[in-house]
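The letters A, B, C, D, E, F, G and H name the chains in turn, as written, and every chain counts its residues from 1.
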Amino acid sequence: MDSQRLQLLLEQVRGQSLSIPEAMEQMRHLPFEDLGFAKVDHHRAMRHGMPEVIFGKGKTPEQILGIAEALLARSSNLLVTRAAPEAAELLLSKIHAAEHFPLSGVVRVWRERTKTGRGKVAVVCAGTSDLPVMEEARLTAETMGNDVDALADVGVAGLHRLLHYRTQLVEAKVIVVCAGMEGALPSVVGGLVSCPVIAVPTSVGYGASFHGLAALLGMLNSCASNVTVVNIDNGFGAGYVASLINKG
Amino acid sequence: MDSQRLQLLLEQVRGQSLSIPEAMEQMRHLPFEDLGFAKVDHHRAMRHGMPEVIFGKGKTPEQILGIAEALLARSSNLLVTRAAPEAAELLLSKIHAAEHFPLSGVVRVWRERTKTGRGKVAVVCAGTSDLPVMEEARLTAETMGNDVDALADVGVAGLHRLLHYRTQLVEAKVIVVCAGMEGALPSVVGGLVSCPVIAVPTSVGYGASFHGLAALLGMLNSCASNVTVVNIDNGFGAGYVASLINKG
Amino acid sequence: MDSQRLQLLLEQVRGQSLSIPEAMEQMRHLPFEDLGFAKVDHHRAMRHGMPEVIFGKGKTPEQILGIAEALLARSSNLLVTRAAPEAAELLLSKIHAAEHFPLSGVVRVWRERTKTGRGKVAVVCAGTSDLPVMEEARLTAETMGNDVDALADVGVAGLHRLLHYRTQLVEAKVIVVCAGMEGALPSVVGGLVSCPVIAVPTSVGYGASFHGLAALLGMLNSCASNVTVVNIDNGFGAGYVASLINKG
Amino acid sequence: MDSQRLQLLLEQVRGQSLSIPEAMEQMRHLPFEDLGFAKVDHHRAMRHGMPEVIFGKGKTPEQILGIAEALLARSSNLLVTRAAPEAAELLLSKIHAAEHFPLSGVVRVWRERTKTGRGKVAVVCAGTSDLPVMEEARLTAETMGNDVDALADVGVAGLHRLLHYRTQLVEAKVIVVCAGMEGALPSVVGGLVSCPVIAVPTSVGYGASFHGLAALLGMLNSCASNVTVVNIDNGFGAGYVASLINKG
Amino acid sequence: MDSQRLQLLLEQVRGQSLSIPEAMEQMRHLPFEDLGFAKVDHHRAMRHGMPEVIFGKGKTPEQILGIAEALLARSSNLLVTRAAPEAAELLLSKIHAAEHFPLSGVVRVWRERTKTGRGKVAVVCAGTSDLPVMEEARLTAETMGNDVDALADVGVAGLHRLLHYRTQLVEAKVIVVCAGMEGALPSVVGGLVSCPVIAVPTSVGYGASFHGLAALLGMLNSCASNVTVVNIDNGFGAGYVASLINKG
Amino acid sequence: MDSQRLQLLLEQVRGQSLSIPEAMEQMRHLPFEDLGFAKVDHHRAMRHGMPEVIFGKGKTPEQILGIAEALLARSSNLLVTRAAPEAAELLLSKIHAAEHFPLSGVVRVWRERTKTGRGKVAVVCAGTSDLPVMEEARLTAETMGNDVDALADVGVAGLHRLLHYRTQLVEAKVIVVCAGMEGALPSVVGGLVSCPVIAVPTSVGYGASFHGLAALLGMLNSCASNVTVVNIDNGFGAGYVASLINKG
Amino acid sequence: MDSQRLQLLLEQVRGQSLSIPEAMEQMRHLPFEDLGFAKVDHHRAMRHGMPEVIFGKGKTPEQILGIAEALLARSSNLLVTRAAPEAAELLLSKIHAAEHFPLSGVVRVWRERTKTGRGKVAVVCAGTSDLPVMEEARLTAETMGNDVDALADVGVAGLHRLLHYRTQLVEAKVIVVCAGMEGALPSVVGGLVSCPVIAVPTSVGYGASFHGLAALLGMLNSCASNVTVVNIDNGFGAGYVASLINKG
Amino acid sequence: MDSQRLQLLLEQVRGQSLSIPEAMEQMRHLPFEDLGFAKVDHHRAMRHGMPEVIFGKGKTPEQILGIAEALLARSSNLLVTRAAPEAAELLLSKIHAAEHFPLSGVVRVWRERTKTGRGKVAVVCAGTSDLPVMEEARLTAETMGNDVDALADVGVAGLHRLLHYRTQLVEAKVIVVCAGMEGALPSVVGGLVSCPVIAVPTSVGYGASFHGLAALLGMLNSCASNVTVVNIDNGFGAGYVASLINKG
């Protein structure tokens, strides 16, 4: 811990060289603790209104568990994304109330379930194969305290399916749209609604989809002005920003 | 005009086969008029809370003027982006109250100036050369009824400049960040604040910047979870979504 | 000319070593004449049911005129695509009945106007800026003897505009769809109709559109199974294949 | 099911606010049912003259079986593409009359075998390694009611092989050409015939073939005007469009 | 000049510490003179059997003239490639016997015209627009002492044109094939002959030709085993290697 | 077999409508036999002075054996490239005198060992990891009747190693240079010698080598004029062309 | 100016809540002044031992002059890179002692010429066309107080030229190597010396050089371990880092 | 061995045709020995102040052991990078004092531990997943005789973590910065310090990180002038150059 700097800060306050508000501002940007393999940042929850999220890929089950336990000591909720099956198994065996969502690889602890969003978040996907990314977005938004509407398999080649849900789309405060292949769905949804649309290209496709590049480029070039884009398969990021917008 | 469909609709209402709400819903998606070279969509203002915007690139001065006049007959404000100098000149000579912003190539008519946003929109750029894109974002957000704070030349290689403005950044409801070259600024800003950050890669740079591709990829891979991205140099899109978020 | 081979062929026929049908088959693949800078192929009209088309880009006005005159000596119709203004001017001054279409750069001689297609060809474009490519497709299909329906500015972000024309789309025998930016329109049109859709990516856009690459990839990954694709801005090729399909 | 909308529609007809043709038109775009993981669209067969096709990749054997059974309740024929061996095994054990084609991974139910095409579809491939893609195209066209001619291993480096089959090529109504490596075959075939040629780049090759990209680019730039292109390895799409053209 | 090293070398010979053959070998790799802006290498003619060639692009007319005069003091022939019109004009006004070829931008001094090749070099191009690159290849091979056969406009979509020249192709010792767009011609030519084929992709094309990239990839993936490739538009390099092979 | 055409040809000869030389010329381009999965071309050996080569990748062991036996019935030598271990095992157990080279995956039958090349072929590689590609080139050239010199591990970062072998390089009639990473070796070798250099980029490297793309681009841009390039890892093609040049 | 923060800082020092060293540390990261269009950072000279450098591209002559004058008020030396001719002209007319280097577009004020480097910096380029980039590197290193050796036109295809200068290379403390086309020179130089080599890819070349991409990839994959790379054409960056290393 | 050249050299010295300094210079570039599969270069240690390093990837455990033993016969230290687990196991069982670092796959023999660097080398990484690359850099610099400071998990989205270590960064003589995803860390670090920064893009990330390409491009476009770049994941190269700079 960073006790010396804290001590100094407080001494400055006592010595009246720093006001209370200034000291608090400085404290907001200071502390983190060292687990050896990663610096856990307890203040992020405070700053972003969100529990720490662990990106599971490339970490061992033991590393994930270590970080998870450090976080849960102070936080009610926890989200682990892209957890390998062994990591998920270890977490479920050690952490009470952890749930596993195998489609997306999310492990979640959801103890604090108060709804804090102002309206609804809609989460939409084009085809069956986009479901894992959509699930990651949905769980993220839900765990962050939002009411979430999920609409699956409403791709643009069958427009009547999408138009069927027009009311639900129009009522949302923000919409996350996941699509692979040509990535056309965000443009069509964006044209139907007035709220912000967050487009998530998925790596679904083959050949010239180039693992999501085609969808990504399509979304960046959307002719609908209310569309912004996140990285390929980044359901978490989309759900996260959707939650910030819905709470803003 | 689409009078036959409208007539039919009203007849259905009169014949009680359609309720008033249903009829209104259907009307929202119907009408547009045909100028020969472009279908002007008067309903978009109603749907998105925004006047029609004319993308000037690739249109002749006369085409732009024609669309602009059709729009101004029913709307108070108008934004023309990427207007060539000749187009700007024609518009200023014909349209009362049109202003020209040569850096970004925007022409604006701003008759209705009520502030409708809930908080502030901050618009930030990394270097002097990013100013044109930032101006497009700023004018868009401003014309849509937002209070805008603009912070220029606060790139990451001189971190003290950025940290100097931390208070203004933390107070914004949403932040637009324009940066070329390596596009690192949105990640750094995203880590300092809790609100959504809309990243705009600019085509500023040379060599391996590949006309903005490096910045675009950097922003899509941001390690800050509150960042979403729009197309290269798309200041308008960023300002537009920022306004939607600020009003949401 | 290839008189010696022809002589031999006829001698073989006379000597009864070759039957009449075989000789005709061999003749179909033989002759062309040499203008010095290009070999004009008079048989193509016979093989493809189409007059020779001159791709004007990269040829001097004089070269184009030379080829055009050689072709018009035996063919009623002629299409010159991507003719520079000087080339167009020269052709109009020298060739009776030549028309110029400056938007697309097409010069056309249209003396034989019999309709030979079985149904209608629809030619559709997403935005005003796609008009040049659409015009090239329209003129090609028209000159090849087809009844053509042209629908402009029906992009996916304003779905009601497209749905307005559903009847015309459903009635076409084949549809050419030109779109830049994200190139989503062919997927949406493809899902509305049962006929083949030929998608033409246009180089309209900026930034990550990469001069039509985004639209091209989008179209190749279309989730609608009735879509095939031609090169970026290749309105001619699309109109050509549409005509072959409509006549087939 | 969407019974309320249907009821309303019929009431409008009865109330004479909607004519019979209009009601039928609206019905064509309405119904689908929800299996939980995918919306099955029974109307597509009616719209495209084709049984529903299941894209097997990325779906579990159980998901595929579920969709297949729902479809076969109302349709005579069924095509599953890119079925993994376990999925194929499950389908064959549960569905009477299902056939498996291991080279391409297609599973087919072919109960209704009426020929409905106007002429012949030729399906051609350049080398032995392109056979899987060609088989997918051949089975698709065949199951859709076409007479199919298949010509394998006729690549451009041994031109005499291809010329040997010239008669068969000239007689086809539409030709599907599958080729990897440099993808030159469609251009050569396109120059020999007058009908539309659908080019399928395959991912066959190594090094600078970049998994089919070289062939794809080659085909998009074909100097033969009667060539259109589908996605890499998309034999299904090519066979599908070929069938639409042959029936048109 | 490098007189000290030369002096040392000769002293070693005189001192019998170096044999005559060794000394000559070392001398072959030593000398060059300094003009200030470029080191002219008089020995290359000796090493490669070729006069120095000046790559004109990016050099001022005066620089080119300076190098040319230094070279012509010792060499009979000279080739300047990609000379801008002003450079060509200066060279023609100052150097007796210089010829200018505006299509390719070559300036040539051809005083020594002995044929030293063993057989014929064939130079082939696919379309009219490939002529500049073909001319550069032809002039290079010719100036290096080869008998050259040039065959223009024999692209693969009109196979009969190419087959017409089969005898000339079969008789060549080495063939240079220039082609843009899909770059299929080298594969077809390579399959017809037994000699080495040097493929030159040209930047002819548009859209997805990506300035010659499509042709380049096509040629690198040629299914004909006797094909090697040089850089896009590198007619000089192809003619140069063809000459080396023909003399070998 | 193509007996009818052959019969016709002979009848024409007997009927004196075709001369003996013409008939032989036509026969050279005709026959091939059909094994069901691949058309074996017995004439290629005659045309290219080379036994048929089987590209093993993507073929089953049984397919390879079938083709191999058909070929060996008429040819002394055989080369199978990129044979998987199981294919190699099958070939060795069934074909007398077959050798296996596991590093490159080549299986060879080398019964006719007459040297027919005019000089030496040098085969060079930059690093230990390029050995597989170099071996494929070496075996190809050797089996085609050339005297081959192999020089391994002479990369440009240790120039003294390369210069050590200068005599051997200068004496070769043609040189194959295999290199991964930056692919600089062909340029350096090309500058030391006067003969043609065939550059083979290898997929050796990591990160920004992009599986051989960096080496490929480097070689295509070589500043040495005597360098041509083949596909990434295409040792066979390089050895093949080297043999053609050495025999020419 | 940031006077309030400075005042606070000093008050804290006076109040003994901050030590002198701490205050100085904080001051190092604080001040900058606002010219309206760019924040000039006077402390960078102190931090990096280098005067502020103005990147001229994309700035108006007046903007450049304004920044230049602000900087020269406190600094002896100044470097403007990529100044357009008009900007250079304005600077020379207004600023005493400014020199212009048209090849690279550098404008320099060099009033303080003390040599502060420990050894020599060598700056090397492969061909005549790389001279502009090399000049930018040379001027940067020189103005920062280094003794610079410049060696031009020593590309790898004429190895004897490079080896001629081996002594000068071996004696340098750090070497900047500029090369376009295949970018092989840094690997060869890197293998000859023991010091760090900074590679600068230049955009010199054509076709598959892709404006310097080929050279960039080559350098990143260098087999010499002492090579690092900067952006395409970034002579300034290379000279800058070379100076830091030479002073370190 | 190269005894004949050595003998000649000494005879020249004895014969006084070569001075002692010249002979030594020539000897520095001559000798290497041949193990059959790789030429081991014992002089490199002398030239670069570094033991030979074995790049383990693509070599068999036996090959690595063979090279390692040849090197250790004359050198105290040895580094094997990217050793597969089996290779590491073999080396540890056969070579006394060998250590294994599984995270990065390094095997090291560190018998000579004298510190020869002038100052400290700092090695920094952005996230937990960058640790393997950072370890490779750290071990390389350490084994080459440098005092190394390692700072992990200090990515830009949590700026306070990085600023916490500002003192350590400012004190280093050279800094290696490893980062994946957007690769922004080197720019931020570069702006905080005055020493050279060597940026190592890592392949950490997903989607549009394209295996490190996004980070690579970001670093090449860094707005901090003291940054140079090495290949993706090339921790060894970065540590190597850092050591050269620290010793220079």
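In the analysis below, contacts are C-beta pairs under 8 Å (C-beta built on N, C-alpha and C of every residue); 3 or more make two chains touch, one makes a residue touch a chain.
Just so it is clear, the model here is predicted, and its values are computed rather than measured.
> Which chain has its C-alpha centre farthest away from the C-alpha centre of chain A?
E
> For the interface formed by B-C, which of the candidate pairs C-D, D-E or C-E is equivalent, sharing more than half of the contact pairs by residue number?
C-E
> State, to the nearest whole Å, the distance from the C-alpha centre of chain F to the C-alpha centre of chain H.
Centres of chain F and chain H (C-alpha means) sit 38 Å apart.
> For chain G and chain H, let me know how many angstrom lie between their CA-based centres, rounded off.
Roughly 25 Å separates the two chain centres.
> Measuring centre to centre with CA averages, how many angstrom lie between chain F and chain G?
Going by mean C-alpha positions, chain F sits 48 Å from chain G.
> Counting only residues that touch at least two other chains, what does the list for chain A look like?
Residues 158-159, 207-209, 213, 216, 220-221, 225, 231-232 of chain A each touch two or more of the other chains.
> What part of chain F is in contact with chain E in the complex they form?
Interface residues on the chain F side: 47-50, 53, 118-119, 173-174, 193-196, 198, 216, 220-221, 225-232, 236-238, 240-241, 244-246, 248.
> Give the list of chain H residues in touch with chain B in this complex.
Per the stated touch rule, the residues are 126-127, 155-159, 181-184, 187-188, 190-192, 205, 207-210, 213-215, 217-224.
> Hey, which residues of chain E end up touching chain C in the complex?
Contact set of chain E toward chain C: 127-129, 131, 152-154, 158-161, 164, 204, 206-209.
> Residue numbers of chain F touching chain D in their complex, please.
Result: residues 2, 29-30, 32, 37-39, 41, 44, 57-59, 63, 201, 203, 211-213, 216, 231-234 of chain F touch chain D.
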